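Shared between the two complexes below is chain A, which has chain B as its partner in the first and chain C in the second.
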Partner chain A sequence: MFTHTPLRLTTLALLAAGSLSYAYIAGFFGLEILAEIAILAILVIALDLVAGFGGMVSLCHGALLGVGAYAFTVAATEAGLPALPAMLLSVALSSVLAFAIGAVCARSTGIYFIMATLAFGQMAYSFVFQSPLFGGDDGLSGAPRPDLTAIGIDFTDSRAFAVYTILLVALSYLIASATLRSGLGRSLVGIHHNEKRLRALGLTVWRAKATAFAISGALAGLAGCLAAQHTQYVSPGLLSWTVSGEALVVVILGGLGTLVGPLLGAILFVVLKHEISAITPYWHAIVGLILIAVVMSRAKGVFGFIEARWEARSPKPVVKEAKADA
Partner chain B sequence: MTTDLGFWVLQTLNALQLSMLLFLLSVGLTVIFGLMHFVNLAHGSLYAFGAYVAATLAETLGYWGGFVLAPLAVAALGAVLYFTLIRSQRRAGPMAQVLVTFGLIFVAVDATRLIWGDLPIGIAVPALLDGQIALLGVEYPVYRLFIIALGLAVLAVLTLILTRTQIGAMIRAGVDNDQMAACLGINVERMFFLVFVVGCALAGLAGAVAAPVLSVTPDMGLQILIPTLIVIVIGGLGSLKGAVAGALIFGFVQTFGAVLLPTLSSVLIYALLAAVLVTRPEGLLPAKG
Partner chain C sequence: MLETRNLSKSFGPIQVTRDVSLKLEKGERRVILGPNGAGKTTLFNQLVGELRPDRGSIHLDGADVTGLRVADRARRGLSRSYQKNTLFDGLTIGENLGLAAAVALGKGQGLWSDPLQSAEVRETVREVAAQVDLAPYLGARVDAVSYGIRRQLEVGIALATRPKVILMDEPTSGVGPEMSKGFHRLLKGLPRDLTILIIEHDMDLAFDVADTITVLNYGEVVFDGLPEAARGSQLLKDIYLGAWEDA
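So, the complex of A and B:
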């Protein structure tokens, strides 16, 4: 079950303080990277919710993100909706789609689940790629950022936009942790540990899985809206299965099933990507080698590693034993 | 157009050619999965490596030199991978395997870019198989017929080995129940290694055969990976029959979909995959009954 240990709370506080203060001192390039990290962070929170806690390793989260991004762009440009209703609409659409995928795939487990989600993701990808309505290979441009000039906030300024994305990361984190601590979250972890037992206890397993997937899909759709607003351009590449694969890589590097770790993973991944790609065009190979090393070391990512060290050093068990003796 | 017999013959041959290429790739992957329960996403990268080796050797040794040596080179690479990564990840569960081999794809794509550059490499069809031949009223490239024939030959050899020889019986026993097979005195570890290397060699062969038809690019392994996975998932992981059925279904749906329903063609195959997974999660012809 998901709990907020002191280490996790401290890390979250440090991350929040660090990212907000960086948002005030960073230049244009730093702010763009910050927004990129925030968007990836929302996507990996969504993925960790289902993969880390429910054991549902999904290769369609890139597609859910892409659906959100396209739905937002179409709603805001072609249909002419204001940005906020368009965001709500596209988040709802991603969520409904995720519920359907979750419901259909709920029966399969392990590699079959991965393949089934891959199939649905690729279906969305080829649909968008081929449909003339969505601009095909060229993509669509012109997604607007929310207009809050009425209350003196201008989102075309990258500083305001970066703060806005960070606040939405915080919101996503709160939604995910609230979900995990609710009855649904406990059922989800229970299903991951022993599906048959939960079924015997009378839980409608497919509905729990699909609902969790829908919440995760809503967050992925939100990340898609932000991605569309950030670059103000969407292309079918957003839906590609390699985006889902990379999100999975980030979750693993950060620490699967910790919810906090993937945030660290997102920072590490984006910073590494920019630092290494400045030195060599072959940054993917370096990321690949790091990934192989992390998986083979069997550590639960960066945060899992820190947590294990922390627990090993923590004096708590000794104190308990001493009390028991007394 | 659709009433013309030539059209159907031509498209059927195209579909068969695609199916046979996918069969060469998927048979190795599916038997590796069935026997070792190992998901190797880097299988497509082995195919790309085979194509590059064939293209490089074709410059000095001619096409046939590459055709023979590329599978051997890929098998050697497969052996190295087996001892460094695959063996230790065998019992680690599907997610660790997906991730390790996903990392391998990253490394492989950049390694090929580093060695061979970003530009596509083309190699010529061998003189022996150059030209076209008239068949049922259509002119068809001989080389593509050669791909079909090669696929059928590999299928025949593998069927014979799996059903008529002792090693085939041992492999089938291993797919069915590897612990029981080990109890009966079969060296399952050695058999895993053998199957893995042969699977890699077949991927290399597919690469060498595909090189003159498709251009050889760093992302060719990534492009072929999804079709290969679809083939083995539709067919049923671990079964030779499944790989054949899956490859034929994919080849025909893809080819005829593209000419008859061009707007729906690529969605069609994924919809089919989803339908198979929902109704028969183990695939159409799973290895275990």
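So, the complex of A and C:
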């Protein structure tokens, strides 16, 4: 079951303090990277919620992000909605879509579940790619950032925008961790461990899976809105399954099923991408090697490794704890 | 409380449930005996809805539940334990019981609070832990405790839903005689209004706890009556006692 260990809380505090101080001192390029990390972080929180805790490995999260990004752009430009309602609308759309995908895929598990989500993702991708509404290969531009100039905040400024994305990472994390500590979250973990038994205990399993997927989809949609606002341009590539695959890599790299780990994964991934691609065009190969090392080490990613080390340092008296709980 | 009428099921050419008609009154404790492969587990699978019968009907508390899904029957108060442990392995014993109680209390889809912290669930976990002797192990992970403890948890999870009818599939299979005896004691301590159907190979336990006995052979009910009558039955001796003496 998901818990906030002291190590996790410390890591979160350090991440919050670190990212906000960096936002304060960083130059333009650093702030752009910070926003990129934050957007990826929201996507991987969404993915870890269902994949790490519910065992629902999804290859449609890129598409859910893309739907959010396109819906936001269309709502805010062509429909002329202000940014905030446009965001709410697109988050809701991603969420409803995710609920439907979750409900349909709920019957399948393992590789079949992955393939079913991939199929949904590719359907969304080709729809956006081919429909004349969405600019095809050229994509759409002009997605606005929220206008808070009335209260003296200007989101066209990279620093303000970076802080705004960091705050939304915090919000997403709170939503995901609250979900995991709710009845639904407890059931989700139970489903991962033993779906058959949970059904025999009286849980309507498909509904739990679909609801969890809907919450995850809402967060992916939020990441999509931010992606659209960040570059102020959306292209079908956002919906591609490679975005989902990359998110999965980040979750595994950081620590599948730890919720905190994927945040570290997002930082590591984006920083590595920028640092290594400055030296060699083969940066994917380097990230691949690191991923292989992480998977082979059998630790739960970078954060899982840290947690294991931490626990080894302070051995737990198992029996005593068992007694104390009684 | 629980009734089947002419329940029948075949796997291909093999008929594993033949016209089984059973009737359990509220609070009745019935033991099902029968040799390996007699169709005992298959009968349970049909009772809880994990397997569809070919013919016949199942009634729970007066209502026909034959068409209901597993989760719906569970919500009407039917619970089971499995012959082969079916636990939440990565979780603690307390979490296993808590999850079962939470789902049964309808908190399995809730978004606004942690059911494991709710007074109702914690109370149920405490009570069930006492019923199946798991109180000292609540904080231990399932994969860290012995097989015997896991066996007790298997039944504990089924009890944590606070069922009206509980089906136990060989609860003491694979545990030593000492633990088996302890389990008799636990069984007898369960509330008298709980309807219990147990598959059991251990004759002593069967005669010890049973109000009534059903014997299955090749999917067919060949005996249905009081334990005293079962003891004297020549038919039972012929089909079952041989196996019993071998064991």
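Just so we're on the same page, the second predicted complex is superposed on the first by the 315 of 326 C-alpha atoms of A that agree within 3 Å, B and C clash if a C-alpha of one lies under 4 Å from a C-alpha of the other, contacts with A are read in each partner's own complex, and residues count from 1 in each chain.
The criterion applied here is as follows: contacts are C-beta pairs under 8 Å (C-beta built on N, C-alpha and C of every residue); 3 or more make two chains touch, one makes a residue touch a chain.
Note that the structure is a prediction, hence the values are computed from the model and not measured.
Colleague: For A:L291, is the partner it touches chain B (first), chain C (second), both, or none of the two (neither)?
Modeller: Only chain B is touched by A:L291; chain C is not.
Colleague: May I ask you to decide whether A:S182 touches chain B, chain C, both, or neither, giving the answer as first, second, both or neither?
Modeller: A:S182: touches chain C, not chain B.
Colleague: Touch check for A:T204: first (chain B), second (chain C), both, or neither?
Modeller: It touches chain C, and chain B stays clear.
Colleague: In the complex of these two chains, what residues of chain A are touching chain C?
Modeller: It comes out as residues 1, 179, 181-184, 186-187, 189-190, 193-194, 196-205, 207-208, 211, 318-319, 321-326.
Colleague: Given the complex with chain A, which residues does chain C contribute to the contact?
Modeller: Of all residues in chain C, those touching chain A are 48, 50, 70-72, 74-75, 79-80, 82, 86-92, 94-95, 98-100, 102-104, 107-116, 129, 135-140, 144, 157, 161.
Colleague: Okay, in this complex, where on chain A does chain B touch?
Modeller: On the chain A side, the touching residues are 51, 57, 104-105, 107-108, 110-112, 114-116, 118-120, 122-123, 126-127, 129-130, 241-242, 245, 248-249, 252, 281-282, 284-285, 287-292, 295-296, 298.
Colleague: Using the touch definition up top, name the residues of chain B that touch chain A in the complex.
Modeller: Touch residues, chain B against chain A: 33, 39, 85, 88-89, 92-96, 98-100, 102-107, 109-111, 113-114, 222, 226, 229-230, 233, 237, 263, 266-267, 270-271, 273-274, 277-278, 281-282.
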